[in-house]
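Sending over a structure as structure tokens; questions will come in a sec.
Chain naming follows the written order as A, B, C and D, and within any one chain the residues start at number 1.
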Amino acid sequence: MCRFICYRGPEIPLADLLYRPTNSLILQSFHAKERTEPLNGDGFGVGWYTPQISSTPCVFASLTPAWSNRNLRQISEHVKSGCFFAHVRAASPGMRVSEANCHPFQYGRFLWMHNGIIRDFWRIKRRLCASLPDHLYNMIGGTTDSEHAFAVFLHLLGDTGRICSADEMGEALVETIAQLERWTAESGLSGPSYYNFAVTDGRCVAAVRYVSDPTAEPQSLYYSSGGKYQCSQRGVCSFCECDASERTIVIASERLTADARDWFRVAPNHVLAVDAELSVNVELMDVARIGSRVNGQSPVTPEHASILTN
Amino acid sequence: MCRFICYRGPEIPLADLLYRPTNSLILQSFHAKERTEPLNGDGFGVGWYTPQISSTPCVFASLTPAWSNRNLRQISEHVKSGCFFAHVRAASPGMRVSEANCHPFQYGRFLWMHNGIIRDFWRIKRRLCASLPDHLYNMIGGTTDSEHAFAVFLHLLGDTGRICSADEMGEALVETIAQLERWTAESGLSGPSYYNFAVTDGRCVAAVRYVSDPTAEPQSLYYSSGGKYQCSQRGVCSFCECDASERTIVIASERLTADARDWFRVAPNHVLAVDAELSVNVELMDVARIGSRVNGQSPVTPEHASILTN
Amino acid sequence: MCRFICYRGPEIPLADLLYRPTNSLILQSFHAKERTEPLNGDGFGVGWYTPQISSTPCVFASLTPAWSNRNLRQISEHVKSGCFFAHVRAASPGMRVSEANCHPFQYGRFLWMHNGIIRDFWRIKRRLCASLPDHLYNMIGGTTDSEHAFAVFLHLLGDTGRICSADEMGEALVETIAQLERWTAESGLSGPSYYNFAVTDGRCVAAVRYVSDPTAEPQSLYYSSGGKYQCSQRGVCSFCECDASERTIVIASERLTADARDWFRVAPNHVLAVDAELSVNVELMDVARIGSRVNGQSPVTPEHASILTN
Amino acid sequence: MCRFICYRGPEIPLADLLYRPTNSLILQSFHAKERTEPLNGDGFGVGWYTPQISSTPCVFASLTPAWSNRNLRQISEHVKSGCFFAHVRAASPGMRVSEANCHPFQYGRFLWMHNGIIRDFWRIKRRLCASLPDHLYNMIGGTTDSEHAFAVFLHLLGDTGRICSADEMGEALVETIAQLERWTAESGLSGPSYYNFAVTDGRCVAAVRYVSDPTAEPQSLYYSSGGKYQCSQRGVCSFCECDASERTIVIASERLTADARDWFRVAPNHVLAVDAELSVNVELMDVARIGSRVNGQSPVTPEHASILTN
């Protein structure tokens, strides 16, 4: 179950989010506050965009823990970006710790992260793989449920070469969960699956907070939106109320700074979409659409129906 | 394309084969003699049996090169075994260097290694996966053609819990190649695939030297059979002509020692079976059976036919 | 500050101490109970003796966390030993996570581990190095205070080729601490240093629990002594009251099993010596000898005086 | 004995030197042409400057081989710099493969690399360490002769906070060799030491090609100077004769491209200094000054004399 952060705003050193806040992601790699198990030491990854060099993000990942990785420290202090994802991993039981299983996963311009677990994933894995076109099937390099979910998302999103909107990405996120839940239901499983996903193409970001069991609490998720995010020499980090042109969005599994006013809790079953102009839209997911799996009425839209049968 | 060794005989320190011979496996990790490319630096693995402790082998693998691995050196000097496999890897282009992709692969009592490549493996991967029962499909932890071929072998071998003979293992090896070639032919591919496989259950060993294109040269393979294998203090290693009770078999991608009389070259298209008493049987494969794929007459025996269709 | 275990008794699989007890060392690698910080994820090491193969121990170490290391799991299930050390590391701030810094450290027949920290070690490092003969100075391959302390111990022990008694080893342990404290005092430092050391030559074991500041609590240390140590299929581990010939000693940073009657807490400032027949001797250290550094009266015995001046 | 490259010029993606040329550094990591042993697989490192973010360089290093490192590939394609060093390592026998031993080494604004070996380094190591002030002694994190030589260089350079000229850096390089040779001579050693060093502060670069034995051939070293260095889509890399404002200097152990006219061989015993305006000065070293060690007349200048005696 993992911890992650997404940043979108003016260019800042990665370290300003990874190391400097009082509850930085690096701190969460061994002392996460909002998980029963505070440890996220099974590798990490960071992906960032530098549009002036490439439309695809740069991904740096390692199977060693984030807290002691010198390369991560160096890179975080020397690389600035206006859009980056970072993730510290707590491997699900039986899952291998390897670079191939580290988030964020990348495909073309897209980055993908997951905090959660698809219950009894192995029971839907074949069905999922069978639904994928060759290029997405062969993209999969690891063994995680998360990377397989990414392939489903990309398939549902359609042509990954075109520029899509934040709403389309959010929509595809919800549909991905609906699809995974349908397969899970068909397998006769009932345990809760946790689906906190985040995805970006370097321009827009979408994220979701969801658990399949309405009586369970989904994994925590917050966001913060304000002026430029700044860390002082003394390590105090905050969003300043300054120039509107320096708008900033941070989405994170936990609040990074102590000032609670800076952070909004994403409500359960909500999807968050950040468009290219950094406007944020938070919406209740159409849970009925997902939930309908329970009584067997498949809500699959025509264009996606082929996935189930091909 | 890799290098490997198999040892079966009286208990010896692993180092006697891995480090001491003039053309040791460690030397072959950077200076292989019978490959165009002398480098096998993409990880390694060793698996050994200690029947007094467990019926399953112990596997130690690492994604770092064999030549500089201190743990391998330590273990090789301190562990004795009467049956072990060792492998130094040269990853096929595009294949990830990871622990999950290191040979030998293990399942229950079995170890498996491959020196070669299945041409355009990704084009038969889905068909192959579809043929596997769940327990073998879910066993696969990496992305290599080699590990997938192992799953096919185990499926063809049938009940992996029972004790099987060397001939059964050899037979299943040949049938595995036949199966892989059928799928390859159905995909319309024609490039040569290289199939030097070795398998053991800790008692018997089977290995094969085969290339699918009759005009191509298969990867090199040798074996040596004699009395106890010994390394003197001065690093001279040889098979002594001593007590028949100390019979020894070594199968290796390259001759390990300088004395050419000690080593037999396995002829192309031959399968080698070593039974529990260490008798060696080298036989020409029924190439016609494999070759028949070309004209479309599938030679599948009834009990295996289901693999193609389920 | 780390956690460790020492085992001496009949041959058992390493896994019986590393994985099976309810508070196993692997569990302590992420959930240590008797440290403020429960995490010991900065690499690990295990060293074991197989006297029938070699008089030197086999050391396997890795810079990745113990809890996810597949090689450690494999080796622990397949290797039996009658004498082994294992250690999970929590690196001191600023100390690099590397294989060279993993405990146990090995020299000839000896293994050495440390749970603790020498305060401001860098201020006595040059003085310490200057005191060492070339062969011990050049043995040092990492940067830890612990390995440097090992070199001091070996120097004080004298000829490391001869067989020495448990008492001699215990005595050298105490003298090592005295020496380190003298250097520390001469540097004008005052913060507490934590010295829980353990050492073995494969026959005898000595360990010590000490903190230089009498008002501070030393790191925890326990031992257990009984008949053969056994783990049932259901994971219940205990010392059976059976054959006296199967005597067993376990020394550990924390109690490994729930039955408090099985474990004795080593009192502060005590040294524990286990001889080749597995008799245990626990003695109060001659604290006065160490403490005398405070008033500047160096208690150096003549034969050790040279260390300070050469 | 390693291979390295230094780049100074307009900002380019690191990949343009590391991956694209026909004899790229990555290719040299397994197929070096001008070493007897073509393999440089014992880790790698790259350090680059982005003056708009920081005056100190970013260093990324790994103990795995360069040819299979995905992070290196990613970073090289996504990072641009106008000054960078890169190094692929072939560890000297007995030297550990670890991140701490990977070049380039960094201190403040400086990067340092070495291609060569100081013969019997361990015999001068203590003397060398004794000569260093605390801040440089404690900077040393690994065990290589190369990093220790860096510390000597920094000591000889004096105040590392001030901006120094290319000539000062070249001068300090020569003096470093002279100093190391004096210590070596005092130890009574005679084997040849190979000193190809390169150093930069992000503005100027200095490099040297030297072997202590006049009858031996020093390690190869080349440089290229021209207009902007460019790699076409088809992988053809060359220096274009264009705008003088886009001057470029590359220093490399081997010629990176096939066009021999682009590369000058640095003559033995020459030092090369590139100033902040990218003017190159190649000068014969004052070999007599170094050589004078043979007859015992120490040429130490007053301000450096203290190093020998403190």
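The criterion applied here is as follows: a contact is a pair of C-beta atoms (placed from the backbone, for glycine too) under 8 Å apart; a residue touches a chain by one contact, two chains touch by 3 or more.
Since this is a predicted model, take the numbers as computed values, not measurements.
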Intersection of the contact lists for chain A and chain B
C, D
Using only Cα atoms, superpose chain A on chain D and state the rotation angle in degrees, rounded to the nearest 5.
180
Express in whole angstrom the distance between the two chain centres, defined as the mean CA positions of chain C and chain D.
41
Cα centroid separation between chain A and chain C, in whole Å?
43
Considering chain D alone, which of its residues make contact with at least two other chains?
70, 96, 99
Residues of chain C that touch chain A when the two form their complex:
30, 39, 41-42, 63-65, 67-68, 70, 91, 96-97
For a test of understanding, state which residues of chain C touch chain B in their complex under the given definition.
13, 50, 53-54, 56-62, 70-71, 74-75, 77-80, 99
Counting only contacts in the complex, chain A reaches chain B at residues 96, 98-100, 122, 125-126, 129-130, 137-138, 141, 143
